[in-house]
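To keep things simple, chains are lettered A, B, C and D as they appear, and every chain counts its residues starting from 1.
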Amino acid sequence: MIHLSLPAALAALLAGLGVYGVLARRNAVLVLIGVELILNAANLLLVTAGSRPGAPLSAGPVITLFVITIAAAEITVALAIILVMFRRTGHIDLTAVPDLSDEPEPAGEGAP
Amino acid sequence: MSWIVRMIVVLPALAALIGLLARRRRAVAAGVAVSVSAYVAVLGLIQWVAPSRSADIDTIGGLPLGDLSVPLHLLSDRVSGLVSFVVALVVLGIQVFTVWYLRDDARYGQFAATVSLFATGMLLLVQSGDLVLMLVGWEIMGWCSWLLIGHDSERAAARRAAYKAFLVTRVADIGMVVGIVALSVRARSTDLMAVLTATGDGTLLTVGLVGVVIGVAGKSGLVPFHDWLPDAMEGPTPASALIHAATMVAAGTYVIARLFTLYAENDTARTLLAVLAAVTMVYAALLALAQTDLKRMLAYSTLSQIAIMLSALAAAPAELGPGAGISHLLGHAFFKALLFLGAGWLSVLAGGTAIVALRGRLRPTGALRWSMGIGLAALAGVPPLVGFFTKDTVIDAALEGATGGGGLRAWLVVVALFVTVVLTAAYCTRAWLLLDTPVAATGELPDTAPAVVAEEDVAVVTTADSADDAEVERVHAHGHATITLSAALVVSVLAALTVVGTLFLASLRGGVHVGLLSALLSLLLLAGGAYAVWFLSDRGRVDVAERIPGRVREPAVRGFGVDTAYVAVGRAVTTVARLVVALDRDVVDAYPRGTAVVARAAGRAGERGHRGVPSLSLLSLLVGVVLVAVLGVTAWR
Amino acid sequence: MSGLPPWLEVVVRAVAVLAAFLVLPLLVGQTEHKVMAHMQGRLGPMYAGGFHGWAQLVADGVKFVQKEDITPAKADRWAFRLAPFVALIPYLMALAVIPLSPTVVGADVDASVVLVLAVIGVGVIGTLMAGWASANKYSLLGAMRAAAQLVSYELPMVLAVASVALAAGSLSLVSIAEAWKPWWLLWQLPGAIVFLVAALAELQRPPFDMPLADSEIVFGAFTEYTGLRFAFFLLAEYAGIVVMSLLFAVLYLGGWSGPFEQWLGWLWTLLKGFLVAVVVIWLRVSWPRMREDQLQRLAWVWLVPIALLQLALTAVGVVMTS
Amino acid sequence: MTTRDIVFVAVGAVTALSALLSVTTKHVVHAALWLLVSLGSLAGAYLVLGQELVGLVQLLVYVGAIVVLVLFALMLTRAPIGPHAEIDTPRWQRVAGAVLGGATTALLASLLLPLFAGATADLDRPSTTTPQIAQAIFGTWVWPFELLSVLLLVALVGAFAVSRIVLQRDGADRHDADHPDHPDHHDSHDDGDRTAATTAVTSEPGTGRVG
């Protein structure tokens, strides 16, 4: 016996923290951490909903597993892009105006 | 019999192949080339004299082309037999002569093989009873002429001449192909008999015949395609002899003769042919008079003579048939081969073909002097040499055409023919006087040759220069070689044939038909022309061409800048092509590229729009999301 | 044991697991000393404790305890201090769910295979923390190498284990070992080899010890560690050998199946695991260290395809026999 | 309040607290480590909720792989040791973030809590065991599952391709770096000047500047 409003409240809390993390960070990897928190809130909500008696098709845990897989794919590509950004600009600061030109820039290490 | 005809076509091709494989071994190459051409000449003789006259011979079976019937048959009759015999004979002579003439050439093997292939082309054209086979032979000759003219490929002038010949004849070949296609479509068959007997669309017939005339004009060097032929003198002299005597340039005559029954009924094509031939024969004869190089003079004379053959076909009445043209073709084959080979011999002796270098060199040469004399006399049409008979056959045929309702066309031809007779006599006499008068004689009368003229003469010579530079180099490198017996024999035999060649033509229908009146008239004109030159040249002491003002003569030597006109045509075509390309690229393609530019510009603009600071963008995005969610929730509540 | 009250049973099991966790790695370590020594024609430690130096490792432990616990000045203090435990605890948890026999098991979990794999994967974080927090280039390099290596080799390992789980139709170690038949030795041989190689790489044992490579980067992530914390890392390594060996024994060698398995099952498991541990030690003695690029190539070009093939083979076998 | 409720509150508190720390700490790597704690305890929360498989997969994928990748990426991007002010956005933006986060939480809570109010799950007889999940995945959800495998492949290739492109450009840059006189062919103005200067120098060997 467990009251399901508890995990639901935790999910809401995690989502809020994730939103704050996304907005309060300028380091791109740390923004990703916020994104992961939001994803986990969604996962928790799915599991919670799936734990209700009479939930059909085992949808809760199955979709949670799917979301975890998608999260793995997402983080791989996202980190690849962040590493590209680091190599091109020498930083991963999201408050900087991005350069989207086609031409490669001189490596950031050499820049003053 | 049918096998003989097939072998006549196939053997030279095999000889070409073997010769090409054995090109490094000179003896083998020469042996194959000479023996096969001798064998082919014998086969040609058999075909000519054999009792069975007409035969339709199967080759490789027809092509499966649906409605169009392409049987690829050979057609053997008395005309083709005679022509192939003469062709084979001339080729044999040239092969034998070449063995001596190119004695020091490292690429003799290739040359001999190419001559064999060239003979294949001509013999295939002669034997073919099918327009497609005819075209194949025609194109083989076109390609081989490129190889032969450009034989001395290390010389830029030879390369240019080869390309010029190839391109000019190719351009004209467009007409040939169009004509053949039109004729085939009209008859629904490419078989010669079917084409000749077909009845149908008159327009298609006109298009076909005019197309063929244009193709013939290219290969035979009628105005305006004539300028490649003098330039083709850059090839070795045997190649010139081959191209001029019995094969390539004469092939057109043969083709039109084969289609004569169609031409006889089509005024448009015949008029075109008549005008082209008339203009060419007079123009070329005039230019021949002005040349400073023996080979170039011979080349222009060839143009003139070919035009004479074609004029016979253009003006002769239908019932007379093409015999007159064929007969002049054969006669011309003998004496022109003789003249070219003689010129080659002489150039070896003198170390060049420029008339300045050759002046008086003929006198001490014995047999060669006789041969050249016979050749020039035949060219001028002195009886009883073959040239007299054939030319007067042509004049007679044209006169008959003119009096028999040929109209203006035939009269034009007749007048042109008589003018040409005078001019031919003039340049032949000039050539003989220049070659035969001892040089010392000119030295005795320095005051008759003004210094100005001499200077101009030198200038002309240096600009035109010797046509066969390779020969000059060869002589400089190896000295004056004595001619071999076999090569000398070839020249002598050709001279003999020039004397008695008329006998060959007896079997040809309408081959020899001399009208008394026309013969007398032409003899008078001939004598007049010759005397005028003899008189003007002060009995051979002065070049009569020097009497022509320099500012006329110099362009005349260069063919009045027709070459420049060709280049201009080429430039114009290139310019049009560039224009088309530019239109395609800058107008037609501009739209697709424009879309690309627009897309890229849009992308750039979008990129500008996306150049937000990420964290701020995230902030606004989430503000929006939360606002929407709040609104949604409140509305839902 | 079922007679005990629940809380007491939990305590007993926890104590037993802890004892095993402390004893078995020492045993493996001592074996390594002696086996290596004999393979190299030496005697090994001979004095501590009297009989063939049996107490050598205990003495080592005492020595480590006495040493000063140094934290570098520029280090990230908390991460640096916590790292050994993060490295150690996953193996403790793994050891708790590995059964020695159906009854002798710390905690019988349903999906114990997944649990073991999951917690072993966490272990690398300890190395990463240690390397990064040391504020030392060599340490950071070692940590990076370790992370790259462990992430790469986790995939073939999971695939190989998945093959066995598929064959047995269960995610429980107990059920897998019970479903084991002797002919699986042949059937699952490629998977077993893949698992063994991947396990060596996960343990960062030679020939996969680039993260430590003392001739290149001093001692990798553990360069700055002294005393007890260093000892914990060493303990984690040997505990890792124990866990992997037992896991191999349970998954591929049938665990407790043998004569008198009703009573002596736990002994068979231990013996088989010990055998595997000796193989691991043997490999350390006989193989040179690989290069970093060879390491990745081995994982992605050989192990992953072989593991996938094994998975397919297993699937075919399962379909055929069912 | 059942025992499970109490356990869940404890685990959930750890989760929430570590999540909070992970989004507020000034230490870059600590943020990732707190995330590790948060996700790990979330796995515990799943266990408490009776979803054993989900919890273990969470541990295996999130903790064992994703957090390791995040740590790896942080170290590759030169994460410094110690507190670092520059990892946070300006203060007003953080305030806005806090407001938005709170709004999100409030919004979700106001929606979810009434939905789940009074709902309970009887976990002594769990409705979804591992075999059931397996059957659901390979039965009902098999097509999404297959699609997911394609997605994974695409992500793998995509990540590889992204990093590959940069490696090549890197190579070009390095090549240029070998020749300091020609630093970058896009920088044509500068390049031209330097080239001109070089030619000027080399074309005057007698001036003494070179020798």
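Before moving on, here are some points about what is shown:
Going forward, contacts are C-beta pairs under 8 Å (C-beta built on N, C-alpha and C of every residue); 3 or more make two chains touch, one makes a residue touch a chain.
All values reported here derive from a predicted model rather than from experimental measurement.
If you take subunit C and subunit D together, no chain is in touch with both. Chain centres here are C-alpha means, and the one lying farthest from subunit D is B. Comparing the chain pairs A-B and A-D, the larger number of C-beta pairs in contact belongs to A-D.
Distance between subunit B and subunit C, defined via averaged C-alpha coordinates, is recorded as 94 Å. A separation of 84 Å divides the Cα centre of subunit A from that of subunit B. Note on chain placement: the centre of subunit A and the centre of subunit D lie 6 Å apart, centres being C-alpha means.
Subunit B and subunit D have centres, each the mean of its CA atoms, that are 82 Å apart.
Each of the following residues of subunit D touches two or more other chains: 53, 57, 65, 69, 72, 76, 89, 93, 96-97, 100, 103-104.
The set of subunit B residues that touch two or more partner chains comprises 615-616, 619, 622, 626. Because contacts link the chains in a way that matches no line, ring, star or complete pattern, their graph is best described as other. Chains touching one another form the pairs A-B, A-D, B-D, C-D. Contacts from subunit D toward subunit C in the complex involve residues 27, 29-30, 33, 36, 40, 52-53, 56-57, 59-60, 63-65, 67-69, 71-72, 75-76, 79, 81-82, 129-130.
In the complex of the two chains, the subunit A residues touching subunit B come out as 19, 22-23, 25-26, 28, 31, 94-98, 100-101. Of all the residues in subunit B, the ones that touch subunit D in their complex are 615-616, 619, 622-623, 626, 629-630, 633.
Subunit A makes touch with subunit D in their complex at residues 1-27, 29-30, 32-34, 36-37, 40, 43-45, 47-48, 50-53, 55, 57-62, 64-66, 68-77, 79-84, 86-88, 92-95, 103-104, 106-107. Subunit D meets subunit A in the complex at residues 1-2, 4-5, 8-9, 12, 15-16, 19-20, 22-24, 28, 31-32, 35, 38-39, 42, 45-46, 48-51, 53-54, 57-58, 61-62, 65-66, 69-70, 72-74, 76-77, 86-90, 93-94, 96-98, 100-106, 108-109, 112-113, 115-124, 127-128, 132-133, 136-137, 140-141, 144-145, 148, 151-152, 154-156, 158-160, 162-163, 165-166, 169-170, 172-173, 183-184, 186.
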